[in-house]
Structure formats: C-alpha cells, structure tokens
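What follows is a set of structures to go through.
Consider the two complexes below, in which chain A is the common component and chain B and chain C are the respective partners.
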Partner chain A sequence: MTSIAATTAPPRARKVAGRRQWIGLLYVAPAVALVVVFFLIPLGMTAWMSLHNWPLMGEHFYIGLGNYVAILRDTRFWNALRFTAYYTVIVTIAIFVVAFPLALFVERPRPLTNLYRTMFFMPAVVGFASASLLWSWLLNVDSGLFSPAAYDLGLIDRKFNLLATFQPAFWSIIAMVVWKVAGFTMIILMAGLQSIPQDLQEAAVIDGAGPFARFRAITLPLMRRTLALALILSVAGSILAFDQFYIILRGGPRNQTLTAVYWIFNQSFVSFKLGYGAALSMVLLVVLVALSLVQLWLLRKPEGLD
Partner chain B sequence: MRNLIAKLALAAAVLGSGLGTAAAETANIWVRADGSNFMPRIVDAYNKGHTNQVKLDIIPNAEIIPKYGAAAAGGTAPDALSLDLIYTPSFAAAGQLEDITDWAKSLPYFASLSPAHVKTGTYKDHIYGLPFSADASVLIWNKKLFKQAGLDPEKGPANWAEIAADAEKVNALGGNIKGFYFSGNCGGCNIFTFTPLIWASGGDILSEDGSKATLDSPQLRGAIDLYRSMVKKDLVPAGAQTDTGANFFAAFAAGNIGISPSGAFAIGALNTQYPDIDYGVTFLPGKDSGWSSFAGGDNFVVTKGTTKLPVVKEFLDFAYSLEGQTILAKYGSLPVRGDIAKDALKDLDPRYQIAAEAMAKGRTPYSVVFNDLINSANGPWTQMINEVFFGDDVDGAIANAQETMQSIIDQAPQK
Partner chain C sequence: MAQAASRNRRLLARIGEHSTGVIASVLFAAPIVWAVLSAFKPAQEARQPPLPPWPTSGFSLENYATLNSFGDGLWVSAQNSIYVSVMTVVLSVAVSVLAGYGFSRFRFPFKDLFFILILSTIMIPFQSILTPIFLVLTKLGLHNTLTGLVGVYVTLQLPFSIFMMRNAFDAVPREIEEAARMDGASNLTMLLKVMLPLVWPGVVTIALFAFLGAWNEFLAALVLMTDQSKFTLPVMMTALQSGRFGAIDWGAVQAGVTVMMVPCLILFLALQRFYIRGLMAGAVK
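Our next item is the complex of A and B:
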C-alpha cells in the first residue's frame, strides 16, 4: 500500500514520506541504541576476547585461533554439549506433553477456567534460581519433602537420596523444569488454539470428522506458527540451561550433568580462562543460531497455503 | 593533637571523602566471609590505635577471586587482601602481587611464622604472601554419645581401626544417631580433612613442587577403604553423598553424630553457637599411629603497585603483635606466630592447644592450579572422592582422577 502511494505520488508527497521515514528512525533510535550498547558491542568484545589468551589476572595476549583449536580437543566440552542436546530433547518433549493437554483443557470457557489458568501459569513467574533453591530443599534426602515423606508414610524402608545417581537426579530436574515452564508454554499454545476460527471445526464436524482427525487436519496445521514460537523458546532456553544444574546438582552426580553453559562458566570463573570461555560462547552462539534457523525452516509456511 | 588528627582521619574515612589529611592514609583491605568474625575486630583495634586507617570489605567466599580479578583489571583492586592461602601461588604466577621478600625477611619474628603459609606464599624464591589467619584440621567426637555407647568419653580414636569401631558403637544407639559424618561431595572439605589421614600414614597426593599427581598409593586406598566400610555399614547419613559442604559443620553441631573430621574453627563455633554440645578434639590419625593436619587459612597479600604499602605493613605488624594474635585467637582463628602462640591462647579453651599443635606441623599442597584440581565442584578430586566413597569402581575412579589431574597440571601456564 505505501509503496504504491510512494511511486505514484507527486514530488511533494514524496518529500513528506521521506520526512516520515526519518521520524520513524528517530522513534526506533532508543531501541537501536539499546541493542547496540547491550548486544552488539558486548558481542564484538566477546569475539575479540576469544582471539586472546585472556586470564582473569595478569597480561593478555593475542593468540589468533588458538582457543578454537583447543576447543576441538576439549572432550569435556563436547560431552557437555552432548548432554545439553540430550536434555533439550527430553525436556522439550516433556514440556509439550504436559503443556498441550493443559492448553486444550483451559482453552474453552468453563467453570473456574481463570482459576486453572492462573494456577498452571503461577510457577512461570518464579525465577529459575529461586525455583532451583526451592526444589533443592524439596529433594534433600535428610531435611526435604519427597524422600522423608515417602519414608514416614512407609512407602520405602530406607531414605532414598534422589540426587545421588544420574537417572533419579536427571528426572528430578526434568520434573522441576516442566513444573516451572509448562504453564508459560500452555499460555502460548492456548493463544494459538483460540485463534483458530470456530466455523472450521464446525464444518468438519458436519463433514463427519472425528476429534482426532480434526486435531490432525485442522488444529495442528493452523497452529504451525504458534508451535514454532513455543518450540524455539523451549529449545533456546534448554540449550542455555545452567541455574538448575548449578544450584541443585553442582553438575553432579559425578559431573554427569554439566551443560554447555556450565562448562563455559567453569572455564571462565573457576579456571579463570576468560578468553577460552569467550571462544566457547561464540561456538555455542553459532550452534544456537543454526538450530533456530533449522526450526524456522522446518516449520515454514508450505507454499500455496494461506 | 595526635588524638585530634586520628579523629579527623576517622571522620574522613567514615565520610569516605577524598580530602583526607596529609598525615593519615587509608588502605583498603578485603577478606573472605570466613574471616568475618575476627577481621572487623582486628581492624577496629588497629584503627583505634593508629593514625593511618584501614577500610575493610567482606566478600562472599565464592566471589572474592572473580571479584578481585575484575577489580584488578579495572584498576580498583584493594591495596591488600587476606587470601585463602592455596591461591597465593597462582596469584603470584599471574604477576598480580607485590614482592615483599625484603620486608618479610627483615621481621624479627619471620622464622616463627607458620611455615605452611610461608611455603605457599613463596613463588620462585620470592615471598608474595605472609600468614594472616590459620585453621588446622582435627577430629572431633561427641562425648555425650560416647558415654551412652559405653565408650570412654575422654578418649578420642587414635587410629583408623578405632575410628571405625567407635563409630559403629555410637551408631548402634539407633534412632537418628549416626556414627560418622563427612561431606562426600565437597573437594575443599576433603582435602582439608581426608588427606591428613593419608599424610599421617606416609602417602601424598601431589609431589612436593606440585608437578606430579601421585594419587595411586596404598595409603590413599587404605583411607578410602576406611570410609567405604563405614558407608557400607550405614554409619554415615544418606545426605553425606550429595553434601557439597553445606553440612560440613552443621551435621555434627546438630548433636547426633558420633565422630566427624573438622577444623579448629569448629571449636569457636561450637562454643559460641552450640554451648550444649560436649565434644572432644584430637588429631587426625594415621592408619596405625601418628597424625597429621592440613594447614589452612589465609595469606596476606599486597596488590602490585599499591601506594599504601606503609599502611599495609603497619597493619600487618600490628596483627603479628601479641595483642593482634590474641584478638585473632579469641574470634576464631589460630595464631600464626609460633613463638607467642601459647601466650595468645592461654586464656582460651584448652582444646585450642591441640589445634595449635596440629597447625604447627600442618601441611598444605602446593599448586598453581589448586582450584582446578581440588576445590572446583567439577574438578577431578571432587569427582574421585565421591566415586571412591560411594561408587562401585574404585580403581577406575582413581586412574581417571590421576590422569585428569596430571593433564591439568601439564596444561597450566608455564612461566
């Protein structure tokens, strides 16, 4: 619409449009300034640091791609990345398995819907660090809730330390993350569900489509964009997971739950190798951008579909 | 007049104004939270009696290193800090510290300063750190529970067999009473209390200069067997397996643990916070006899290029006086001057004498990568102790830790 107006309008109008564009730029200037100061400049500095041997204390010096060569041989980083991928897949599936039924449940108005929505969404407003501290206490074997409660109820004859071995510890974290994040995903999915026109569903019912067929042929395709948003948020959040593994597990049991960000933190602030930590961050950034692009491509709008 | 100037200086320091007076200078000093009991007292005492002043900041234990590094990079580092002694070699290696060799050697009491501190404070034959506060590892036992279990409450275990036997007897009391406690997922706690068992039996985990990891020894395996057997017999609470140090002291203080390896700090903490607990203090024993201790605590180091060197020296000299050492001892640190330690401790709980004796013979591993090797929650030492105390594959865990530790040592920056 505006492009047509611009090409066919007389010179005076074009001048006005040009001025409007300048005013538009002025309006976005604060946002641009924020992005430059708090994203682009730090990003540039990180890239710059990653080319140096940069200890926390003492002199730093240029080593070219030395840090990146070292990453290739850093098996513990690749192990951490593999664990992060495993965690991301599991936790994303778990979140959707819980959030989708919840969204279907709270989508339609029915008695107490608002109460349910609020209840399910509530944990999402707790910070990850505070939620981790809370669960760290719940999971404690001597003074927590789960293990002592099961013991006192006579369900187990010896207190079981949930955090001592990999499987229970890992699934405890998954439970905690689902508890905290599913409500937020539910709200996104609910908004997507509500944007599907009711008459489409009714037409399908008249045509004799069962509930499963309607879900597969109408709900899912029309929620493509909503699903893409929820998926990218969940995957990006999981790849950057750190707080819960740091606070509840300290990367244990036996360093089996070290995530990529945890490893970056360790290299930077335990071993004091800031330059190496910066290089690891750049690698993780590339991985994250690549994954997001793949997801956008997979969930792109098929040609010919409105 | 002198008093007036002191007051003026104090006022200037309190107001934080940049004006000050020409006569008095103020030095900034940091300490980690472990020193939050004694450090403010000793700074107050110094400030009252001197024209020059010291301004103290207390920093959380886990943050003091990154915070100091960031401050040093930004040119706002404190003039000096009281630093966990094991970090002194790596700070000195980074070129961050002022060489104080000449001044240190000119002190008349230099020879009687804690030898373990001076050793870690020395890098390539130059002295960069001097002892400030001290903590030795000891074994503590609950006399009330010993009595209930039919043991002699005045006699602590003197070898490994006695530790295991006494713990088992106390554990037999049942209920929520357990025989033994240690923090099974805390590298720092176990280098402090577990390695002395190895040292006392003649083994070691690092070579003298820190260039070789020497984990695989019969002494280490023996000490592991001691802990494993107690875990297997259920003498240790289940929470020990995942305790990253939060319960290192608290478990014993709750009063239902028979024996626990701990530190001299526990004497002050138990006396003031848990006066009802009746406990004894003894040395961490060797397999059959003998004893050893980890010499922990802080070294006092000076930031390279500070202009407040005279104030810092005056303050440290004050801390080494009998008055300073007595304040330290009274508020939770052992004295660091051997020649006046007895005087500084004479009015205090006699159990401190044991800890002071342990300190005098205490040892500290020397390494520029101590944090990576030992203290890091994800380092090879922490991983190994958890695996060997609770896991199934002791041989694999030791071999893995030996290899990882050696590769960390070999990759450390050589200067």
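Our next item is the complex of A and C:
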C-alpha cells in the first residue's frame, strides 16, 4: 500500500514534474542547434553536393555519380590516399616506439618524475601549425639548425637541404610529429600501466617470472583497451594530417607528400571544384567511419569484466 | 662488502635513470627553447644559423617589430586569435554547462537521440565537411567573419565538453538539489548558484581544451578567413613563412612562433592538473 502511494504522485504534482522534465529540452537546445547548423546540415550538403558539378561562381547542375566515376580515374587522389596510409603506418609505429619506453620510464614514482612528465608533454600543447612553422625554420638549409650544425661539426662537407628530396623530407616530418605527439601518447599509456594492480606483478615476481615474461603475460593483455585507444587516436589524427605537410613541404617535393585532406583542400579551395571536393570527402568519410567501427570493436569491454 | 656493492649498483642505476630523464627532457624542450631564445636576436643575426641559440650581439626586440610590419601586422592577428579563442571558451562553456545539466538531470523526448547525435560528431572529422560549412556561413552572412569561425570551433568542442559536463553533473548527489529546491530555488538559479561551484573543475578543464583548440586550429581558419585583416596567428604566420610578403624573414618566424607557443605553455603549466584530468576522462570512458 505505502509503496503504491509513494510511486503514484497526485495528478497535479505529476503534471508539474512532467513540465519540469520538458525544460531539459531548453537546456540542450543551443547545443543541438549548433550541431544541426555546423554539422548535420553540412554533412547532408556534402552528400548532395557530391552529385553535382558545383563551381564556386555560377550555376551548379546535377551530374549523378559523375564525380565518383571521375574519382576512380583520379590517380593523384589514389596516390594521396596511398601516401596517407603509408605515413599513418610509419608515424604510428614511430610514436609508439618512443612513447612506450617513455611511459614505462615515467610510470614509477621517483624523485623528479613529475618534472620529466611535464617536459616530455610540453610539445603536445603546442599547436601543429606552430610546431610546423618552428620546424620549417629548424629544417631550413641556410638559416636553420640541423644542416648548418651538421656542417659545422664536420659531419657533412656541403650543406644538405633536408626538404629537397622525398626520403629526408618525409623522415623530417616523422621526427617533428614524434617530437610533438609522443608525450601525449605517453600519458595515455601511462594511465593504462598505472591501472594494472601492483599485487598481480608482485605475485608474478614470486612465481619467478622475469621482466619480459611479466610484460607479455600481464602488462600487454591488461593494457589492451589503452593500447587500442592510443592506437586509434594516432591513426585517426594521422589520416587527417594536413598542417605539417602544407606548412613545411607544400605537398612537395614534386607533390609526393600530398595527403588525402590536402588533395581535397586543393580541389575544393584552390581549383574551386566544390562538387568534386565533396565527392572526395565522402570517400574519406566512408574510410573513417569504417575505422570508427573497428575502433568500437577494439575498445569493447573485456568479457566478464566491467 | 656485499651490502656496499649493492648500494653502489643502486646508485649507478639511479644515475643512469636520471641521465636518461635529463637527456630526453632536453631533447623535448630544445626546439621550443631554441625558438624563444633566437627570437631575441637582432634581425641581422637571426638570419644566420642559430648556433648558439641565444643572442650573441645583444638582446633585441627587432624581430617582433618586423613581424608587426608585415601585412596587417602581428597585433591584428594576435587580437583576432585572442578574440576567437576567448569567445570559443565562453560560448562552449556556456553551451556545454547547460547541455550537460540538461542531459544529466531531465527526462525529455529524444534525449538519447540528441546525446548520441552530439557524441557521434566526433566520428566524422570536420575536415570532410568544410566546403558546405563555408557555404552555410555565406548563407548566414557570416562568411569571412571571426564570429562564424567561433561557431565552427564551439561545435568542434561540443562532443568532448558535453560528455565531460554530463559526467560532472552526474557525480553531484541529487540530495543537494532537492534541498535547494525546498528553499524555493528555480532551475536556473540552482544551476548557477548551487551546481556550478560543484562542477567547477570540469568547467576549467573544458575551458582549457576549448582555448587550446581554438588558438591552435589552422585548416578551418585558412579556408574560412579570406581577408588578411581576419587572419588568426597560424594563418598569418603561414602566409609570412610562404614568402607572401617578400623574402622570408626567419627572425620574424621565430618571433611569431614564440607568440603562438607561449600562451599554450603558460596555460598548460598553470593548469596541468585539469589538462591531465580531461585527458584521462577521455581515455577512461
């Protein structure tokens, strides 16, 4: 009896409570409006525009799948996509190779650890554009640091332009990105390491497991979700890379470092083929949504655990 | 004997660890320190390779003065950047606090749909919808305006900051609100007077991320701001570095990079705790 009385409030009170609940809509309205105007509508327009020949000036007209057919023949786009994939793989490996040892290094509490963490992390709060401008100077053949320093130390007998050919230019970008991002990945990995219960490691030590065996049997499996997260952030960020290739290399040498976003930027805002750019964006979108699905699967909660 | 040997070994290990730490720290800090110090060289010296990085022929602010003479000047771009970043902070905090509260405390139609809609924007990068954003802004009469850029930046912040704020409000016990409601507080006064102080750390975190995001963003600003007087710092500096204003003045680049980096570093060092908190909240979910 009492429980029924408690759950069924008098009609008037319930009506007031119901109205009060509706107010929630007002609270979320600005956010939803922004997402509709700056996200949902543009997303729909991208799909719509991709079916049109849409110059910046003048009339646009419907051409069906014409843009998509053109993409199939656009070898430069496929080259850009291939380069983006190549860059993503290399830079992700490079970031992990640096960030994992750093995470192991700063994970254990010891004097100065906080200072080290802060130092390693600092480049991560600097923007990609700032970092790229900074490195474009350091990499400059005449006024920069690397080439003149190597020359002064007698390592090379003639100043060497790091940005003139593909290999040195590409690895310079990798070095710059690792410098900027490694601290960020380190913090994420460190959080994963710290969540591993200490007594598990201690029990393994008592059982006579060496450091390598412990790393393989305890650290890696328990860090699966953290590793997946760090991996996803790195992959998603790299696929969308633009700033560093635009600012340091302008897509050169000889257009060899044009990334997918860079190519879309060129088509849309340099050649002003807006419809074609939209179709390219749709292709990139499909790739990224597919990756998001893989990411959800990688991040799934371990079975039997919460 | 054995004890002394093991103590020695431990001392050696510690020295090894700290030298690793110091060397790695120097490597990470070096590019930043190099740029900040070199920017204080006289123009003539700044053109030479930065060896050593500090000024040898006297301390000078010449590079900053030169930078201010390019195009519309350093100060105009800096003002644009400050305006855009501060507005992004204010608006994204306001919108996310309201929405976070709404999603945490009310039941209303389409609640889950709206929440998923906002969070799912994270899956689709804005880089791929920039062209239509450009057209939408033109339609709204916000083409080539800093206000339009702010709108885009605020929307970019929403998935992270609304997620953060909803969790912050979820962590506040309902009894606190009920007590306040007994005292006759309305919804909005309760949010501002009672709830806001309790979720303050979350607000600082999302404000910090909004500032860094807006201050450092490059591609949208490059595409959407076509008029030099509207350039933010990254766009202005890239124009300078590409030689758009004549021969590249590397001294001015060093000065500009310093201006772009220093606010981020100061904010990070001052609010590190909140930054790491935000990172963890994103990482743990």
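To be clear about the criterion, the second predicted complex is superposed on the first by the 256 of 306 C-alpha atoms of A that agree within 3 Å, B and C clash if a C-alpha of one lies under 4 Å from a C-alpha of the other, contacts with A are read in each partner's own complex, and residues count from 1 in each chain.
We take it that a contact is a pair of C-beta atoms (placed from the backbone, for glycine too) under 8 Å apart; a residue touches a chain by one contact, two chains touch by 3 or more.
Everything numeric here is computed off the predicted structure, so don't read it as measured data.
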Exercise. What is the contact status of A:Ala290 with respect to chain B (first) and chain C (second): first, second, both, or neither?
Worked result: neither
Exercise. Which partner does A:Met122 contact after superposing on A: first (chain B), second (chain C), both, neither?
Worked result: second
For this session: Using the superposition described at the top, determine whether chain B or chain C touches more residues of chain A.
Result: C
Exercise. When the two structures are overlaid on chain A, which partner does A:Ser130 contact: first (chain B), second (chain C), both, or neither?
Worked result: second
Exercise. Who does A:Val35 touch here: chain B (first), chain C (second), both, or neither?
Worked result: second
Exercise. Can A:Asn140 be said to touch chain B (first), chain C (second), both, or neither?
Worked result: both
Exercise. First (chain B), second (chain C), both or neither: which does A:Phe269 touch?
Worked result: both
Exercise. A:Ala213 contacts which: chain B (first), chain C (second), both, neither?
Worked result: neither
Exercise. Should A:Arg250 be classified as contacting the first partner (chain B), the second (chain C), both, or neither?
Worked result: both
Problem set entry | Touching both chain B and chain C, residues of chain A | 140, 142-143, 250, 269
Exercise. Contact residues on chain A for chain B in the complex?
Worked result: 55-59, 140-143, 158-161, 163-164, 250-255, 258, 262, 266, 269-272
Seminar exercise, completed: The answer for chain A against chain C in the complex is residues 20-28, 30-32, 34-35, 37-43, 45-46, 49, 102, 105, 110, 112, 115-116, 118-123, 125-131, 133-138, 140, 142-145, 148-149, 152, 179, 183-184, 187-188, 191, 226, 229, 236, 240, 242-243, 246-247, 250, 261, 264-265, 268-269, 274, 277-278, 281-282, 284-285, 288-289, 292
Exercise. Along chain C, where are the residues that touch chain A in the complex?
Worked result: 17-18, 20-21, 24-25, 27-29, 31-32, 34-35, 46-51, 94-96, 98-99, 101-103, 105-109, 111, 114, 117-118, 121, 123-133, 135-136, 140, 151-152, 154-155, 158, 162, 187, 212, 215-219, 223, 234, 237-238, 241-242, 250, 253-254, 256-257, 260-261, 264-265, 267-269, 272, 275-276, 279-280, 283-284
For this session: Mind listing the chain B positions that touch chain A in their complex?
Result: 65-66, 68-70, 72-73, 91, 94-96, 185, 237-239, 241-242, 244, 369, 371-372, 376-379, 383, 386-387, 390-391, 413
